[in-house]
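Before anything else, here is the set of structures, which you'll find just below.
Each of the two complexes below includes chain A, the first together with chain B, the second together with chain C.
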Partner chain A sequence: MKKIVSLFTLLVSAFGVFAAQAADPVRIGYSIANTGLFAQAAPSQVTAYELWAKQVNDAGGLDVAGERRPVELVWYDDESDPAKSAQIYEKLISDDNVDLLLAPWGTPHHLNVAGVVERHGFPMIGNTAASVAVREVQPGNIWFPTSAIPDRIGVELAAMAAKAGVTSVAIIANVLPFSQENLQFLVPALESVGIEVALNESYPPDISDMTGLLTQIKAANVDGVIALSYPADSFLYMGQSQEIGIDAPFQFLLVGPTISAFSQAFGELADGVVTLGHWSPHQANWSRAKPFFDAYVEAYDMKPDYLDTALAYMSCEILQQAVAKAGLDHDKLRSAISSSTFDTINGDVKFDGVENSITPTAFLQLQGGDMHLVWPENIATAAYKAR
Partner chain B sequence: MTALNGILKDRVLLIFLTSLVLTVFVPDLFGSYWAIVALNLMMWVSLTQSWTLFSGMTGYISLGHVVFYGIGAYVVASTFKVLPLWVSIPLGGVVAGVLALLVAIPVLRVRGPYFVILTFGLAELVKYIVLNVETSIGKSSRLLFGAPTIETLLYIMIGLAVIATLMTKLVSQSRFGRGLSAIRDDEITAETVGVPVVKYKITAFTLSAVIPGMVGGVIALKSTYFEVLQVFNPVISFTVVTMAIIGGSGDVRGPFMGAAFLLLLSELFWATIPQIYMILVGLFLIVFVVFAPNGIAAILWPARSRDSQ
Partner chain C sequence: MDLLLSPQLLFSALVLGSTYALVALGLNLVYGTMRLLNIAHGDLIMVGAYAAFWFFTLSGLSPIIGLPLIALICAGLGLILYFAIFRHQLENVHPVERIEANSLLLFFAVSVIVQNVVALSFSGSPRAYRHLDEVYHLLGVSMTANRIAALVVAVTLLSAVVLFLNRSHYGLSISALIQNKTAAKIVGINVSKIQILSFTIGFAIAGVAGALISMTEQISPFMGFPFTIVAFVVIILGGLGNIKGGIAAGLLLGFVEIYVVVLTSANFRSILIYGLFVGVLLLRPQGLFGKTRAS
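Here is the complex of A and B:
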């Protein structure tokens, strides 16, 4: 009898998969910085999208308000150009007639696309965008699951540095918007907790040699270095700071160290670097975190980016759960996204306006080749260690 | 009046102008994506025509045209919802013109490769000044929600493309335009025979800045987002020069042909093989510089292009 039930279950499952494959696919569009200035960062996001799509299809398809349909990804290269990204979303919506959207990479791209989705009333979950400007976006068509908003980062980073015993810092910042916004909020926050800002310099986005800046940092003799960097310049900083001999016990790089290639490239040399990120597979309270991590490592033979891959996957999970509840109708989807609480790899997510109101602003540290949440204490997976 | 008669008698030009105006029907016939493609085409036509007005006619190759586009975008973004758009967009053109006038005197003292590098450097300088101003007031980017529809912006851009084309045509047919051509051929001789070289160069440089200033403002509204590095992107200047070379800058039809050709190439290839698209642009640029330095317009209308030069 048991065998018959098992066989029946297998047949039903097989039929389910077959039915999903026979159904029209749900076409999901996005643009990606496959070439250009941000090409190094974009794979972190794409791998999350592709893994999620594969998992959904392997499980019988996307649950569209009760009906299983396969997922088909439709994407174009935006050449790291935010204006191109907006044009691509216009094409995806009005020319390709996609059913759903996933987000492009980076804040300027998101904010360019925000105008397009608003014009069409097409809901999209953002991911790798973080700016105080997102609060100016009308709620209803785009949402931002990140907790890495610059005004909060400034306050939290200053508090963490103070607790780590830092008394003076040198800051270098990329001139791109995310870095500059962080700089704007960070300096007063540091001063308010009594940390002296001994050096504060900005540098161009395509910087290829940082030795001049790093020599100034070395001369400043500070116990904290904060590089408000993008991925390419984080790699540059890490390599050249070793050559110059910067040995400050507290070193923070804004975006980049969460990419697995960073720890692969620098190994023990990068140990102790603190960076922006609010997800870790080691946080046992987030039941979906470890299975996602394992699936990612199995699929790509490398660790996910703890910031961008996690955010991109979260945005897929939110979309998936909203579609299961509301289907593909834009009004119903909008309502479901705005009002529901979502179970993600980063724990529960709920939106207040366009912002995630649950996930706290947090920081990660490279420890023994792995990344651990070290701030704030209520979600920390390890204690902070000075370099 | 003579210049106007010249335009009315120029059937090819009239066909071009009519086709520019006919793009108003694109949104209804082909939808919003193609409306944006049409808007982009009009943008490039406007920018390339205005570049031709100075650089094409005088031979002073500017690699800093984006500075006027960027400053116009900045004016519109910083006055958004403070000034009505019918004021802020023309104001962008006026500010760009004033900027050109202010920098013209030192910039136009140099020629050849020095002028090319100086204009590029000027655009970068203004970009970083604006960036620092924006950063110091805590505005690393600006959202422009509540901008007019794409259709409305397309109509404005068509108007700018038509004005830029007519302006270039009128100047090229005037005594002023012939003076600019004389400067291109031999500046010292032109000055010797009585062409007011300095006055003509400054006037042309200033005029060529006004349309890009307004175009930048319209594009900022289309994007609904303003970010300094995006609107002062030097690739915009490079693209304008490429379009002028491929289309031909000795004739007002050239900028239209160059813009349409590159846009068509882009639409055919960017979605499927973007890397090939950039290689093709490079190849076409080399081919045109070596084998057809006067561009597509000179190939299609050899006698007309020669006449206009």
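Here is the complex of A and C:
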């Protein structure tokens, strides 16, 4: 009897999966910087999309207001060009008639695409955009789950540095927009908590050697170094600061340490480096976090980017839960996204206007090769440790 | 002033300058002997970097020990491209300006194909590995072992190539071809054979440069373009096809970059480097060490 019940269950499950596969696929479109300036960064986003789509299909399809349908991803290369990205979203909506949209990579692309989704009234969850400019976007059809907005980063980083006992810092900043926007808010925030800015230098994105800058930092004899860096210069800083012997107890790198290659390159030498990020698989209160981390490592044989991959996956989760509730109708979907609370790998997310009103601005620290949340305390997975 | 006299800066300038010289050397050989504008040069550096990464990751083979193997892989790639694409161009296309223009487009296609093949094979995610990162202190200079190794290999290879070009039969044939292809033919040099040799040596050196760079930087399928730009700046500054001039220009660029940051601000780095480049070309269109060709 037990065998018959098992066989029956198997048949029912198989039929369920078959039915889901037989249904029309839900076509989800996006553009991706497959070539060009941002091509190195885009994989951290695409891998999240592809993993999510595979998980959904393996589980029998996307729940569209009660009906299971397979997911099909439709994408085009935007060549890292924000204008081309906007054209692609026009095509995805008008020619390809996709059912849903996922976001492109990077702030300029998001801002360009925002006009397109607004014009078509087509809801889209953003992910890798982080600028105060996102608040100027017309709310209603685009939402940003990130909490890494430069004005808040400045205030929180200054508060964290002050709590860590930092009294003076040297700042070096890439001249690219995200770094400079952070610099603009960081300096007054540091001064307001009584931290002296002993050195403040910017550098071009194609810098090949930091010896001169790091020698000046060493001479400044500060107890904090804040590098508002992008991934390539984070690598340069980390390698050359070992050589020069920068031993400030507080060292912050803006973007770069969250990618898997950074830990591979520096191992325990990077221990204690603080960086931008609001997700960690070690946060036990976020029940989805660790399963996502494990699934990602199994799928790609590397750790996810704790910032971009986490954000991209969160945007998929939000879309998935909204579609389960509202289906594919744009008005219902818009209403569901605007009013619901979503359970994501980064805990609960709820939107107020275009912004995520729950996730706090946070910082990660490399400890023993792992990324731990160390700020703010209410979501910390480990205590901050000076380098 | 103390900072300017710092041996630490001198070490960094030597590492950077010799890396630039090595990065540009292969491009200069290929252009000098065949007038082929290889804008996929940076992608060959990327191939060398990936070869070093995978050898190290899969078998623990040190990039320094694996250099001959990596050079062989890139030379093999060069041989395939030479016979598949460029031999036909060199034998059938005239005048030389047409070869330059065609090669620019062909190498652009090669660049896109190589980038995408590597991205599809290994994903576009940046990669890195940890090797020789212990720090040594000598005469007031702190040096990571991988940068010392990069400097030693680059200087050895640059010296070996100069000696090869000046002393060996094949090297002298390459030099002759660089100076005057027609005259080289008249004196009995097998131009086709020497071109194949230059092409493969140029590719092999690019691979070696990539392997050295991979020890200190993150690598990705799209890392090549900045190296292509640097290589072109160096060989134009040194005089197109002038091997020793290119080496000197690479070193000069490294020194300018390091000391400019200290003397002014890191912000002015790119402005001053490219300003110097434009200024030199205005005053000496043939480059710092190039000779004006007789009409």
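As a convention for this text, the second predicted complex is superposed on the first by the 385 of 387 C-alpha atoms of A that agree within 3 Å, B and C clash if a C-alpha of one lies under 4 Å from a C-alpha of the other, contacts with A are read in each partner's own complex, and residues count from 1 in each chain.
The definition used in the following text is that contacts are C-beta pairs under 8 Å (C-beta built on N, C-alpha and C of every residue); 3 or more make two chains touch, one makes a residue touch a chain.
Nothing here was measured: the structure is a model prediction, and the numbers come from that model.
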| item | value |
| --- | --- |
| Contacts of A:164 with chain B and chain C, given as first, second, both or neither | neither |
| First, second, both or neither for A:236, with chain B first and chain C second | second |
| Partner chain(s) touched by A:209 [first = chain B, second = chain C, both, neither] | second |
| Contacts of A:136 with chain B and chain C, given as first, second, both or neither | first |
| Chain B versus chain C as contact partner of A:35, first or second or both or neither | both |
| First, second, both or neither for A:297, with chain B first and chain C second | neither |
| Touched partner set for A:175, first chain B, second chain C, both or neither | both |
| Contacts of A:86 with chain B and chain C, given as first, second, both or neither | first |
| Where chain A meets both chain C and chain B, residue numbers | 34-35, 175, 202 |
| Chain B residues touching chain A - in the complex, by the definition given at the top | 31-34, 36, 40, 128, 131, 135, 138, 140-145, 147, 149-150, 223-225, 227, 229-230, 270-271, 274-275 |
| Parts of chain A lying in touch with chain B, wherever the complex brings them together | 34-35, 76-77, 79, 82-84, 86-87, 90-91, 93-95, 107-108, 111-112, 114-115, 118-120, 131, 133, 136-138, 175-178, 180-181, 183-184, 202, 205 |
| Residue ranges of chain A touching chain C (in the complex, touch as defined) | 34-36, 39-40, 42-44, 47, 172, 175, 201-204, 206-209, 211-213, 215-216, 219, 231-232, 235-236, 239, 242-245, 259-262, 264-267, 269, 300, 302 |
| Residue ranges of chain C in contact with chain A within the complex | 3, 6, 8-9, 12, 15-16, 112, 115-116, 119, 123-130, 133, 135, 142-144, 147, 216-218, 220-223, 226, 257-259, 261-262, 265-267, 269-270 |
